[in-house]
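In what follows, subunit A forms one complex with subunit B and a second complex with subunit C.
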Partner chain A sequence: MRQALILVALAFLPGIGQAIYFRDKVSWQLPVPASEMVTVVQARAWGENAIWIDARPDEEFARDHVPGAVSLNEDRWNELLPQFLAVWSPEKKIVVYCSSQSCNASREVAHRLRNQAQPPMQNVFVLEGGWEEWLKSRQ
Partner chain B sequence: MAQVATVKFLWRIVDLIVGGVFVYAGAIKALDPVQFAHDIDNYKILPWAIDVGLAFYLPWLEIFCGIALILRRLYLGGLSILAALISVFVIATVAAKVRGLDITCGCFGHASKNWNFSTHLGLDLVLFGLVMFLLFACGRNFTASQR
Partner chain C sequence: MRTHIFAFTLSIVICAAARAELKWERTLIELHPAVGDKEAVGHFKYQNTGNQPVRIKSVHTSCGCTAAQTQKDEVPPGDKGEITATFKIGDRTGTQVKAVTVDTDDPVNATTVLTLKAVIPQEIEINPSLVFWGQGEAPNPKTIVVRAGKDFRLKHLTVTSSNPDFKTKVEQAGTGEFKINVQPRETSGIAAATLTIQPENSAKAFYATARVTNAPAIQ
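After this line comes the complex of A and B, so read on.
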């Protein structure tokens, strides 16, 4: 018991240090700032001004996807990015979705587009509820 | 006598494997705590603020416990914590599956991204089995008589 407590206490030290180091890189309030989220209704209202990105795996995209959506997932990022860049323009809004509210792929793709794409992109939004929410809105 | 030495040697190998696995898993997550916070959040069990706190803390706990096994210092404490961590993780994984969540476990960073539920659970159970084996061996005084 004493040994376990020592280890538990020791791990706090680098953990706190890292939390301080990353204080500007992560919000403790929300996983994705509300300003970077968009609902299906809002995104649909953007019409032609929005580019939809499907961040799910290839087989799920092949099965079905939002009409006009471009596939861009992390597994084949380098292969798929050019086809997205071909339809992208700076004034358009980008809506990224994955399978559901609990999936992570859309956040990751959105993060990479904002921070790693050349040029870095603005107006990148994550779709609340993802593909599941889109299906519900279609019914 | 030779048999006892062989058994002790094998136990030591298991120590190193389990310790190494947890140091590796912890280090990968410590390198990208923000991603790990999202991975914890995917389970939809805890509020985001706690997910973030755990994402900064848990990787280091894994690393220290792994080092404890490798160096044979604070050994029993390390094993007990790892057994508890794996148990909680197995329960959370099964609960997520039952609730139909599409989870990314994140246990081994990018490498585990496309693992399915069975792979997650299988690996966790193997690790849990090894940790319990070491705890049992420790209890029988095979490996830890001087710890």
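After this line comes the complex of A and C, so read on.
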């Protein structure tokens, strides 16, 4: 019994050490479960049943975007939301993307959409690799 | 053999003596912008405490909403400077955490991640901000809860619907809390309304949406 407790205590040590060492390092990436991520191939297979949302800033959307995508970013959320709602219906899948794998805007927008509707908006997915991955798939 | 040991020792001594080091005053800055502020700016100050110049190779941010600028590309020994990170607030809410990654030619600490945390004040919280009914669903009322944000007072509010087919009724649910009951006249066709929520003593209007969608609502 004592040995088991010692082992448990030892198992906690690296975690405690990390928590103390990184106490001022705050995560800036919103965690998204794997079930809420989607690849370009999967999302493209949904065809007309998917609504693509571009979470990048306006100027990047204006430069180029996924055909048919709707712009919805947090810079102008209140202004852009009605455009998205006009094309949205509950049975459709929503694919949100930002510029790359490391960007966070798509996660933030997806999180906001899921949590701001009653009943909760389902079928909201974050595109793995974002716009960069979409460009690669186009080549 | 002796020559090898001497060369090895000498290289270590030279490396230790010729060091370049960028010391940061703080790598985490928390900002509390005021209501209506368009942006929040953080100043990350540094000093080269080594005796070799440090070259800042690149500065990039985790979000298109944050711009970072460096005062100088090369920092001579003893020199001070700062990286300015400007976070565009836009329509963001709550606590926002953004990262600024600084890459240098410092052999010991080549990469530093700076963190900008902005706590955006919210006059009111609206939950949910979208209520919807599926076509053919019973047109029962749905409730939107409006609460005063931290450090704000909410005594009274008015709600106007852009579409007369959606009726609204406001009732107080507690101190600084209101319930807006929204009810569509019917759900036989697609319809939508923007609900303008105007708190008393606030210059800003807030919005929620009510819709009858073309598919059965997910229960």
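Just so it is clear, the second predicted complex is superposed on the first by the 105 of 139 C-alpha atoms of A that agree within 3 Å, B and C clash if a C-alpha of one lies under 4 Å from a C-alpha of the other, contacts with A are read in each partner's own complex, and residues count from 1 in each chain.
The criterion applied here is as follows: a residue touches a chain if its C-beta (ideal position, glycine included) is under 8 Å from a C-beta of that chain, and two chains touch if they have at least 3 such contacts.
The model shown is predicted, which means the values in this text are computed figures rather than measured ones.
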item: First (subunit B), second (subunit C), both or neither touched by A:78; value: second
item: Which of subunit B and subunit C A:90 touches, first, second, both or neither; value: second
item: Partner chain(s) touched by A:103 [first = subunit B, second = subunit C, both, neither]; value: both
item: Subunit B versus subunit C as contact partner of A:64, first or second or both or neither; value: neither
item: Shared subunit A surface residues [contacts with subunit B and with subunit C]; value: 25-26, 28-29, 57, 74-75, 98-99, 102-105, 108
item: Touching residues (chain side subunit A, partner subunit B) in the complex; value: 1-8, 10-16, 18-19, 22, 25-26, 28-31, 57, 74-75, 98-100, 102-105, 107-108
item: Touching residues (chain side subunit A, partner subunit C) in the complex; value: 24-29, 56-57, 60, 73-79, 81-82, 85-86, 88-91, 98-99, 102-105, 108, 115-122
item: Subunit A partner contacts - residues on subunit C that touch it in the complex; value: 27-28, 62-65, 88, 90-92, 97-99, 113, 115, 117, 127-132, 134, 142-144, 192, 194, 207, 209, 211, 213-219
item: Complex interface listing, subunit B residues touching subunit A; value: 30, 33-35, 37-39, 41-44, 48-49, 51-53, 56-57, 60-61, 63-65, 68, 74-78, 80-81, 96, 101-104, 113-114
